[in-house]
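Okay, got some structures for you below.
Both of the next two complexes hold chain A, though its partner changes from chain B to chain C.
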Partner chain A sequence: MEKLTIKGLRHYLGFPMGLLLALTLALPIIALLVNSLSFGWHWPDLFPQAITNRAWSYVLSTTSGTYASVGLSLEIALIVTLINLVLGMPGAYALARYSFRGKLLVEGIVYAPIIVPAFVSTMGIQMTFLRLGLTESVLGVILAHLAPTLPYMVRALIISFQTLEPSLEDQARTLGAGWWQCFWQISLPHLVPGIVAGASLSILISLSQYLITFLIGGGQVVTLPLLMFPFINGGDLAIGSAYSILFSGMAGLALYAMSWVLKHYYGKRLDFHI
Partner chain B sequence: MNHLYLKGIEKGYYHSDSDSFELNIPQLTIQEGELFALLGPSGCGKTTLLKVVAGLLEPDRGEVLLGDQTISKIPTEKRGLGMVFQQALLFPHMTVEANVAFGLKMKGISKGVRLEKAKSMLKAVGLSGFGDRFPAELSGGQQQRVSLARALVTCPQVLLLDEPFSSLDPELREEMRDLLKGLQQDYKLTTLLVTHDVNEAFVLADKIGIMKQGRIMQIDQPQILYENPNSPEIALFLGARNVIYGQLSQGVFRTGSFKLAVPGKEEFYQQSGWIVLRSENLKLCPVPASTEFSQINRDLILRGSVVKSVFSQGSYHVTVQIESQSVNLSFPADQSSKPGLGEALELTYDPQSLVFIPEY
Partner chain C sequence: MWRNSKPYWLVLPTVSVIVILFFGGLLEGLAHSLGYFPAAGQLDFSARAYHKLLSSKDFWLSLWLTLRISLLATLFSGILGMGISLFFLRNQQRKSRISLWLQGLMNLPLVIPHFVGAYIIVLLFMQSGYLARILYGFGLIQQFEAFPVLTNDPRGWGIILAYTWKEAPFIALMIYPVLKNIYSNWLEVAKVYGAKPWQFFIEVVVPLLLPAWTSSCFIVFAFTFSAFEVPYLLGVTYPQMLPVLSYTLYTNGGWERMPEAMAINVVLTLITGVLGIMAYKLSRRWGMPGGRS
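So, the complex of A and B:
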């Protein structure tokens, strides 16, 4: 009998495993697609009674508010990510490079939003924002989205800063590079993979926020999750399915666009993965 | 005038809890075009001093002057220095050519000019044709050559070298030393080299400063320094194998039952101190010294027995017990057969080569 080796295993199981993986990823999408095109698909029918484009024509119609909420979702995610970068960069630099009294406490506070349930902090944020008059506004939602996204950005940037050799900056300075040139020419290119990682997470988390957007926006700031929720929650599953596919497409495209821009800016000199 | 002058530099230096001291350099001048080596063991503060000169560290007190101008308040990037570190520290996302041209780019020199200069500098370090590669595609020695080219291409007023070759293989190190010496002389660069490698300092430097615990112990030209160390530590550090503590009185040095004639040093009377007896100045007597054919002055003969005998790189390294003192010597292996343990040897020495360091 042939000896059972890793290589042998890969040979025999490679194809079935790959197929299984592909199915795991594709099946939900296929189910959603079928669901979004069906008309009156009830238990115990194996197939829908009829195929219709009703859900899609509603979702893509101008009256549904889809385009506005996709635009708003992307706008919020983009601004949140930019604010995260601006806030995270100096914060991550300090946490990576310096040791100071109370560093652990500061790190704890930065990471707290991903440890403490979002619901808890959001209730507090809402009370404060009510007083400040920030509820029911896009600005309020943007600020509230910072809480669950900033920790990921800071974490990714800290790791990038930790792997950046400080003597590389010393070397650049001896060659005549000032503070800004050091950052722009030497540090930033090294940080790009970390920025990509942090920004991807920040965009994805911001796009998928429902509870925070709902509570702080008070239903007035209608991002895509808010728009689709009533449909998924029993309203109309066909339309809910169409929105789900649209949402995945939007998130995927946003990530792809970001990596495309960065890759074209930095050329092939950098390897990074999303 | 581009000489470098350090005045009253003080800097608290904390290597670790047990090893903290203050860098204290009352004054130090490095002449224009001179290659000055700061030689000392690791952790003696020599890199700290170099960083103070570069402006990467701020001294607690003191001034750095270039020519007649103080540069203490000028930030690193405006000091016009070139620096090469222990690691090549090439910017990984730039090509070799872009790395070399970086300093010129910072000076605002147009792309065409700076790439041309970078090309010719790469040629000078023997790397023409490597311009389009990325640092990761080069060997360690090549990377360090690029680093050197990058520091030189801006025509710095002073070149600072922080153990630039210590991470290279021995053969490569020698090649790099020759390259550096050639370039330094061609460009008449005022150069401050920091190293813990005695050989490197002696091969390269016009002048050497020995550093210990944040202080410069002795400064002189290599040969003078070697022949006249002013402390037993320096003598040992520079490779003297026999530094013996004892008393010199009327031309005879004594420690225990060991006696050594030191002609020409009759002025000392019961002076404690160290005698430096270099292993290369000790010789085997060719014929038994007791025979009348011997030409050797009988006062300059030492008799002892071998306690250790090792062959290495064409020489025998032998430890001989002479009375109460063990003495190390080396001689070429072709001069005699390998001395066996316990074998009696007769040695002689050149009294002119003896150095006596009085204890005060």
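So, the complex of A and C:
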């Protein structure tokens, strides 16, 4: 009897619980969308009296600098991710396959930027960057973005290497495949999910950086977060909302495109070779 | 020779980049905090900045505020994250359209960056914001002054809300595989021995889940303790959270205050470092994702 009531209760509670969860998660998006289109939105009204494209036409105009900063953000994120991939691949391989003295220390060093905030290190290194002429340059910003992103790439690749059966590589080697051929045709296709995961995090974290880009770029390297920050920090609410949606769209599209390209390319290759 | 040193050569690129760009920065910051500053002709070390910092009321106020906010945000997102994870586990069998939609929506807080999250909290919770309008619509408040100040408030509730919204899905994601394992490995056994669902939860799920949950909570705490954007957007000018105080001293304080900013950074590094080591130890001792079932 008691069991029955609890079960019934759970059945009835399941739906409102889900609805509440969905609302909590979706309400922000609705708020952003309504805000970006609002015009003369007076206090107690739940929806604005009129809809206007003022904010969007400013954000999408050529004078706002949106296009240049979207391009720059994506360019920096892409270069950072490619560097991470090249740097992280051998390191992740060693950490996944070998046990060696000092491995714990190496892991500690590699994972440290996940837990200690990057701006602390960036503030410290700013003087050196200034002396080397790396401040106010895209190169400097790329270097500053490496530390907070590289650990995530290495982590994702380690997990991928751990699921790859070492004997598969050995078989290829016995069949006469060279080191490079073995890596390119056996290991790499298996690593694609890990590469997608690591690259997604790397792109996302690089795109979202505000403070370290500001510190090293000195306001000269205007990525999208830098362009939109004045609007969301007590500026025009509608334009801030439009930029927030644009940013989320850009990040989402970048991730989608990246995983599509990688999976598409390697999916075909994999089919072909097997 | 090559066989023995091979792993070291392989990790060299990763390690050297992080040592130079990250630990180099930390060390340079440490040197600046001790008053070593070649550009200004100061070459001797002193603990003056630490002395000044530890004897200033602002620092202690900031430290307490930071601890309070991080603790509450971690607690809320920890509990909420566990709830979300359990919810998805319960609905996992029936692959209804709603639960698929929910799973898609769950990714949202993970993809949206922190500063946009903070902005969303402003839109929803400010006194003339969305929630105040909804409450007015239900006739619960008559004017927006009746809605509590929850953004840019001195107690940091806006910051706590933003972090909870952002980190609860993170915790849910981290503990979901462990939770799934526990249920698929132990539920039948517990049923055979006649355990009631709540007994199973208290006596089997909680102890087995605790390491993964605590470990993710440490990571969230370390993050909320030391991140800049959210408190910068949602905080007040006094008292500030430690990362914002450091930034303010660094950018507006001039040369004399810079060692103090760096000293705060050293404090942040030490605290987050200890938290990171603790999270690692916890996950090592009890075994992480998947557990040892």
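Assume the second predicted complex is superposed on the first by the 236 of 274 C-alpha atoms of A that agree within 3 Å, B and C clash if a C-alpha of one lies under 4 Å from a C-alpha of the other, contacts with A are read in each partner's own complex, and residues count from 1 in each chain.
The rule is short, and it goes like this: a residue touches a chain if its C-beta (ideal position, glycine included) is under 8 Å from a C-beta of that chain, and two chains touch if they have at least 3 such contacts.
Only a predicted model underlies this, so the values are computations on that prediction, with no experimental measurement involved.
Engineer: So if we stack both complexes on chain A, do chain B and chain C clash, or do they fit?
Structural biologist: Overlaying the two structures gives chain B and chain C room side by side.
Engineer: Between chain B and chain C, whom does A:217 touch in the aligned arrangement: first, second, both, or neither?
Structural biologist: Touch partners of A:217: none, neither chain B nor chain C.
Engineer: Output check: A:194 vs chain B and chain C. Expected answer is one of first, second, both, neither. What do you get?
Structural biologist: neither
Engineer: Decide which partner touches more residues of chain A, taking chain B and chain C as the two options.
Structural biologist: More residues of chain A are touched by C.
Engineer: Now for A:241: first (chain B), second (chain C), both, or neither, which partner does it touch?
Structural biologist: After superposing on A, A:241 lies in contact with chain C but is clear of chain B.
Engineer: With both complexes superposed on chain A, which partner does A:140 reach: first (chain B), second (chain C), both or neither?
Structural biologist: Once the two structures are laid over each other on A, A:140 reaches no partner at all.
Engineer: According to the stated criteria, A:94 is in contact with first (chain B), second (chain C), both, or neither; which is it?
Structural biologist: In the superposed model, A:94 contacts chain C only, not chain B.
Engineer: Minimum C-alpha distance between chain B and chain C after superposition, to be given in whole Å.
Structural biologist: Minimum C-alpha separation, chain B to chain C, in the superposed model is 11 Å.
Engineer: Mind pulling up the chain A residues that touch chain C in the complex?
Structural biologist: 14, 17-18, 21-22, 24-29, 31-32, 35, 43-46, 86-88, 90-95, 98, 100, 103, 106, 109-125, 127-128, 143-144, 146-147, 150-151, 154, 204, 207-208, 210-211, 225, 229, 232-233, 237, 240-241, 244, 247-248, 251-252, 255
Engineer: Could you please specify the touching residues of chain B with respect to chain A in the complex?
Structural biologist: Within the complex, chain B contacts chain A at residues 54-56, 75-78, 80-83, 85, 87, 89, 91-93, 102-103, 106-107, 134, 150-151, 154, 160.
Engineer: Give every residue of chain A touching chain B within the complex, in rising order.
Structural biologist: My answer: residues 165, 167-168, 170-178, 181, 185-186, 189-190, 266, 269-270.
Engineer: Which residues, counting only chain C, touch chain A once they are in their complex?
Structural biologist: 6-15, 17-19, 21-30, 32, 39, 84, 87, 90-91, 98-99, 101-102, 105-106, 108-109, 111-120, 122-124, 128, 130, 133-134, 136-137, 144, 165, 219, 222-223, 226-229, 232-233, 243, 246-247, 250, 261-262, 265, 268-269, 272-273, 275-276, 279
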